[in-house]
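Two complexes are shown next, each including chain A; its partner changes from chain B in the first to chain C in the second.
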Partner chain A sequence: MNAAAPEPKANMGQPVPRYDAVAKVAGRATYGSDMPLDNPAYAFLVTSAIARGRINGFDLDDAKRVRGVIDIITHENAPDLKESKLFSNGGYAGTTIQPLKSADIAHDGEIVAVVIAESYEAAREAANRVKVSYTAATPSASFDSPGTTKAAAKGQNAQFKEDPQVGDFAKAFDEAEVKVDAAYETPTQHHNPMELFSTSCVWMGDDLVIYEPSQYVYGLKNGVAEQLGIDADKVRVVNPYVGGGFGSRGSMTPRTAIIAGIAKRLNRPIKLVPTRDQGFTIATYRAETRHAIKLGANRDGKLVALRHEGVEVSSRADPYCVGGTKTTTRLYACPNVDSLVSIVRADRNTPGFMRSPPEVPYMFALESAMDELAVKLDMDPIELRRVNDTTNEPIGGKPYTSRSLMGCFDEAAKAFGWSQRSAAPKSMSDGDWLIGYGCAATCYPTQMAPSAARVRLQRDGRTRVEIAGHEIGTGAYTVIAQTAAERLGVPLEQVAVFIGDSDLPPGPVAGGSNSTASTCSAVMMVCDQIRQRMFKAMMPRQSLTDKAKETVGIGRTPTMQAAKSDRTLDLERAFDALGVGVIEEYGEWKPEGAPPDSFKAMHSGHARLVGGAAMKDKIAYAFGAEFVEVRVNRFTHEIRAPRLVGAFAAGRIMNPRTARSQLMGGLIWGMSSALLEATEIDQRTARYVNDNLADYLVPVSADVPGVEVILLSEQDDHINPAGAKGLGELANVGTNAAICNAIYHATGQRIRKLPVRLENIEV
Partner chain B sequence: MRPFSYQRATDPDMAVQALSADAAVDNPLTRATVQPLAGGTTLIDLMKLDVMRPAAIVDINPLAEGWSAIDPGRENLRLGALAKMSDVAAQGEVQRNYPVIANSLKLAASAQLRNMATLGGNVMQRTRCPYFRDVSYENCNKRNPGSGCAAMDGVNRMHAVLGVSDQCIATYPGDFAQALIALDATVEITGRSGTRSMPFAQLHKAPGSTPETETALRSGELISAFVVPGRWPRSVYLKARDRQSYEFALSSAAVALDVQHGAIKDARVALGGVATVPWRSREAEALLKGQTFDDGLAERAAEAAFADAKGRQYNNFKIALGKRVVARALHRAVTMEI
Partner chain C sequence: MSGNSSSRLSGFDRRAFMACAAGSALVPMTARAGALDAPAPVAQDPALHVEITLRVNGQDKRLSLDPRTTVLDALREHLKLTGSKKGCDHGQCGACTVLIGERRVVSCLTLALAAEGQEITTIEGLATGDQLHPMQQAFIDNDAFQCGYCTPGQIMSAVACVKEGHASSDADIREYMSGNICRCAAYPNIVAAMKQAAPEITKG
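Moving on to the complex of A and B:
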């Protein structure tokens, strides 16, 4: 065991190395644009230089003269595509803005032409030579621009169902002994996954194969089929590996159907690899948000009133919003709560899911305000959380299925050395550097979605698991293999896992951190079907005794505990009794509370996530606590975060190695979202200016010298058979608040707007 | 990117000949159709972005044998233009006698870039102004003379506050050049009629009304070496930036002092990240010379350095920041152990 492979505690699996580690390190893992194609043509996009207005026309002469150019597609000759509804409103699409439909431009960087050529180089050169003439109108860039409209989220976005409220907030706040009333802001951010937003489309007769990084192969397959007006069975999406997603690949982007349509017309495979800057506008992003928080408390720290108002930016066309009040109104015990989420429409591309979409901005506001409250109360911020810790959420009174928030605070505080902190701001320093310690809570809803799986077991123990899940770098292959190996009692090396292909049994969207819980629960169920068949074969006549059922795990909640304690099957005997060499089982699993149309929706690529705050009689979240040391240079005001410590509890930890890796990445991203990451928008033109990885800052290794992850042991039998809470999006929540809280401690200055840059420090 | 022809230089004469193809242009960096290629870490980027569109490039790396020496003599330090940033930063005598040079290089870019990039290419690197680097913006006087300046009232946090004009406020982004200008370096230039030298301070041109003209190099000329007179063991390079590594300066200071018996005999102050060209502050130097150091003096010198600074909406902070960086760099230089 070493730091990368933590010793498993109770209710944790083994920290086995990644299933795909060698393939990735050796460069053998094939990503979308690595797939060899037979005689492909290459596409290069031309995107708009204005955010609002019309195209007057194109001058394509110069471009067409480039040797190797096959065709240039604009709205004047584009394939006719059908519309697709927004993902958040029951469709597949991340945006309903469909480029190449007309001369109108709805946002910066909208696709206005696609050059097709014999080589990537020729396509790129010709694209550089395409001249577009526009009539530009003045766009609205963001919150403060003239011409935006604002309306409540409820009623326009089907995924945003309620503005949680309870008690009488106004009265309680009015009468509260101690109050915080503050406004917070978070910036525009882009996912910037390493793998670009490529797509390759290959037709074989009427059948289409798409090689593309996707976090939802069933959604993409059905969405593209809908846009092309063909049967979904004719479309297959393949992506055994995805080079990062972070939410950007959960919904369909317009590029895929466009390229598929052109490939069909041309009768030739087409490969598109857009540029990094095009990725900023042809896909989604995290929109900027604003928050007004009001907290009222008694002198002893008990919250009596909480109000969270959030405002988010979306496009003119789509009412996208993340609406994190469902989390922030339920985190702490508080009898009087009010909330409101609104959407401001501007001339922008439609935003979308980005790692912990609601929690990153909304928890920043709440956890900053909690720290402000602790300061006003002259109370340790950990104790403030303890005073307001609760077993039941305050809005509907539903119990948390398990909640280790304070356990996380205590463990992380110990590891971090919180007791060494002198509470007064500006009281700690080291040479040129002011030192600040800060902390914040993190949480993420535990979500599950219906999932199918097919498992095949051979007499020699070799096992094949098939499920249209997604390896977005999280370790999906690994935990699925571990689950099957444990459940069937075969060695891990004997298990082969196939995911990332829409010809496999449908799996869930790799979003909302539901994948591990959902796919592993499905795999467990199907493995149990195999066990049952074998057991029945061995005991053909007798009805099973309870003892016998117990032995093979039938009729019990098939938790991993059960699987572990089971006696292993005697495979030889079982196969003899069955008289076959191979057993294959297919099954469809759905979580408790899943809607009746779940299985149908699963096949048609509609995600049906359940869990979190939306469950009927309970509420399920994973929790954590994060501590940071911040250093602020007295002279340059540079801000660094040399130490990040987080403790997390997330039900069963399937693999402490891959879990730690996710959580470590999350802490680093959380720091980044506080200090570095922001997409700069030119307010006059509504265009993204720093749309590249040199100017859009992400941390380098020197920025994160110390990151420590502590995994708490937690068991939760009320969530899903796997007993797992999603943790992929757990650690990058709360870090931004912890950083600002630490900056306050270092400097005495409260910063409520992200990212914090050296010019924001006044010491 | 557009098609271009590629040629390897066999010797300096051949390189110079090839680069003289369009002898008439007065501003080869922006106008010449033939460009020299060193490490390529600026040039290839700009070609991919379609900002630079040379019809031909001449790879000068084969000249490295004669042009990459690091030569610390008794009187001066001679650095070949094709020496790699990483090699110069790691050289013992450079580290000992010219810490400002070693650190300006070490704190620049990333290890991979420093291994590729040459000193000549480094001083010739072009601005990171995002509007300059994105050809979809029409209005950039530097790229498209007379078209206006998108940065002036746009996203200009990284832009310059010194040496600006109403035509262009693009920052000169490099670090090493601040060390050279502070130390009174000369630049050795090889052209058709042999070799000439000029003060490094004259190499770069402030934007004025012709922001497209960035340097005094003439068509067919190559930088072959830099010569730094004297030794400056008491020298520092301080760089303030958004992240701990791999990031351009928001503000930097190259400071070199000659302190004898408590008095500042000679002082050199240059500023990076805040000016349109490598920037030497004679005003700050004048205040420092002959004085005894204290923090008040450092602050007055810093004030003087930024007396003419002009900020805009998002980069105004650089004036206050720059002053603190200069004062701190002076303090470090005075207190450093040598």
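Moving on to the complex of A and C:
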């Protein structure tokens, strides 16, 4: 065991190495643009240089003279594509702005032409020779731009169902002994997964195969079919490996159907690898947000009033929002709560899900305000959380299925050395460096979605699991293989997993941290179907009690260790009794509380996530506590975060190795959301300025000296058969607040707007 | 580049290549459609292919390439060696890192023509048969990746970093590996992997 493979505690699986490890280190993992194509033509996008206006016309002569150019597609000759509804409103699309549909330009970097050529080099050159004449209008860039409109989120976005409220906030806040009233801001951010937003489309007759990094192959398959006006069974999306998603690939972007339509017309495979900067405008992003928080408390720290107002930017066309008040109004005990989420429409591309969509911005506001309250109360911030810890959420009074928030605080505080902190701001230093310690809570809803699976077991124990899940780096292959091996009692090495292909049984969108819980619950159910078949064959007169199922055949050996001993005989006997060579079972699992149309929606690529705060008589969240040390140079104001410590409880940990890695990456994302990442927008032109990996700052190795992840043992029997809460989006929540809280401790300066750069420090 | 390579460029002379290479360098990598009144670039025709031989993972590969083809695109689109990844095409992310000779280079910023006559090593050429290179094994042992897309570049960079003598401390590794972005942020595990593999590599 090394640090990467923590010793499993109670209710944790084995920290086995990743299923796909060898393929990934050997360069054999095939991502979308790695797929070999037969005589492909290459596409290169031309995107708009204005954010609002109209195209007067094109001068394509120069571009067409480039040797190797096959065709140039603009709105004047584009394939006819049908519209698709917004993902958040029950459709497939991340935006309803459909490029190449008309001469209108709705945002910066909108696709205005696609050049097709014999080579990538020729397509690129010709694309750069396409000249476009525009009539530009003045765009609205963001919150304070003239021409924006603002309206409540409720009623325009189907996923945003309520503005949670309880009690009488106004009166309670008015009468509160101690108050915090503060405003916070978070910036525009882009996912920037390492793999570009590529698409390859290959037609074989009327059948289309799409190789594209996707977090939802069923959604993409059905969405593209809808846009092309063809039967969804004619479309297959293949992506056994995805080079990072972080939410950017959950909904369909316009590029796919465009490329598919052109490939059909040309009767030739087309490969599109957009540039890094095009990725800033042809896909989604995290929009900037603003928050007004009001907290009222008694002198003992007990919250009596809480109000959270959030405002988010979206595009003119689409009412996208993340609406994190469903979490922030329920985290702490408080009898009087009010909230409101509004959307401001600007001339921008439509934003979308980005790792921990609601919680990253909304918890920044709440957890910063909690720290401000602790300062006003002269109270340890951990103790403030303890005083307001609760077993039931305050809005509807529903009980948390399990809640280890304070356990996480205590474990992380101990590992971090919180007791060494001297509470007064500016009281700790090391030479030129002011030292600050800060902490914050994290939480993320436990979500699940319907999922199908097919499992095949052979006489020799070889097992094949098929499910259209997604390997975006989370360890999906690994935990699915572990689940099947444990449930069937076969050695892990005998299990082959097939995911990332829409020809496989439908799985959920790889978003909202629901994948592990959903896919593993489905795999468990189907493995049980196999066990039941074997049981019936071997003991036909016995009734199927759970006890009996555990004592026959492979079911008797639930661990890998035991499976390696003498199980062959049982398996052989079972197959003899059945009289078959292979047992194959298919099943569809749905979580408690899933709507009646769940399975239908699952097949048509509509995500139906349930759980979190939306459960009927309970509420399910994963929790954690994060501690950071920051160092601020008193002369240069350089800010460093040498230590990040997080403790997390998320139900059953399927694999401590992959879980730790994901949480570690999350902590670094959280640090980055506070100190590094922001997409700069030119307020006059509504265009992104730093649209590349040199100017859009993401963490590099030198930015992250010390990260420690602590996994708490937690068992929760009220969420799903796998017992797992999602954790992919847990660790990068609250980190931004912890950093600003630490900066306050180091400098005495409260920073309420992200990111924090050295020019913002006024020591 | 070896001195006689230009003689092997059939139907093409070095002066013409330099002219069009300079011309294409003036064209931004991304097509942002400018206004009609922007000055039109001088028309070139660089699409005349050149015959070159690239030595990749110990094998000579004869190719007919557009002279603007980068090493990365030559590997990926012409030699079907897709282990090296395109993450930015600007030399900003490191996903395309290969070894040319002993040096780690971003293959997206290296023209294939400029690599002729040199030994190119990619992730596919690192293992010996089924025996993984110590750095590859160390990446597995320390879970030094998640999505895996940056991993080939990280591993190639890590191998060179050790050989450069820049892996003697954690701080050194972090500094000299900061040209390779891992968006999943597996950095602490990458550092651990390099510390595991470094003694084996320097010993061997």
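The rule we apply is simple: the second predicted complex is superposed on the first by the 737 of 763 C-alpha atoms of A that agree within 3 Å, B and C clash if a C-alpha of one lies under 4 Å from a C-alpha of the other, contacts with A are read in each partner's own complex, and residues count from 1 in each chain.
Assume a contact is a pair of C-beta atoms (placed from the backbone, for glycine too) under 8 Å apart; a residue touches a chain by one contact, two chains touch by 3 or more.
Quantities reported herein were computed from a predicted structural model and do not represent experimental measurements.
Chemist: On the A-aligned overlay, A:V112 touches which partner chain: chain B = first, chain C = second, or both, or neither?
Modeler: The second partner, chain C, only.
Chemist: Please indicate which partner A:A49 is in contact with in the superposed arrangement: first for chain B, second for chain C, both, or neither.
Modeler: Touch partners of A:A49: chain B and chain C.
Chemist: Is A:E125 touching anything from chain B or chain C once the two structures are fitted on A? First, second, both or neither.
Modeler: Both partners, chain B and chain C.
Chemist: Based on the superposed arrangement, let me know which partner A:V273 touches: chain B (first), chain C (second), both, or neither?
Modeler: Second partner only.
Chemist: On chain A, which partner touches more residues: chain B or chain C?
Modeler: C
Chemist: Return first, second, both or neither, reflecting whether A:V700 touches chain B, chain C, both chains, or no partner chain.
Modeler: It touches chain B and chain C both.
Chemist: Regarding the shared-chain residue A:A424, is it in contact with chain B (first), chain C (second), both, or neither?
Modeler: Neither partner.
Chemist: On chain A, what residues does chain B touch that chain C touches as well?
Modeler: Shared contact residues on chain A (touching chain B in one complex, chain C in the other): 47, 49, 121, 124-125, 128, 277, 694, 699-702.
Chemist: Spell out the residues on chain B that touch chain A in their complex, using ranges where they run on.
Modeler: 1-3, 50, 110, 128, 130-131, 134-138, 150, 153-155, 157, 238, 240-247, 250-251, 317, 321, 324-325, 327-328
Chemist: Under the stated contact criterion, what part of chain A meets chain B in this complex?
Modeler: Interface residues on the chain A side: 47, 49, 121, 124-125, 128, 277, 432, 633, 635-638, 640, 675-676, 680-682, 684-685, 689-691, 694-695, 697, 699-703, 757-759.
Chemist: For chain C, which residues are in contact with chain A within the complex?
Modeler: 24, 27-36, 38, 40-41, 43, 45-48, 66, 68-69, 73, 76-77, 80-90, 92-93, 95, 122-124, 126-127, 132, 136-137, 139-152, 155, 170-171, 173-175, 177-192
Chemist: Can you tell me which positions in chain A touch chain C when the two form their complex?
Modeler: The contact residues of chain A facing chain C are 2-5, 17-18, 20-31, 33-34, 36, 44-49, 59, 62, 65-68, 109, 112-113, 115, 119-122, 124-125, 127-134, 192-196, 241-246, 273, 275-278, 471-475, 657-658, 660-662, 664-665, 668-669, 672, 692-694, 698-702, 704-707.
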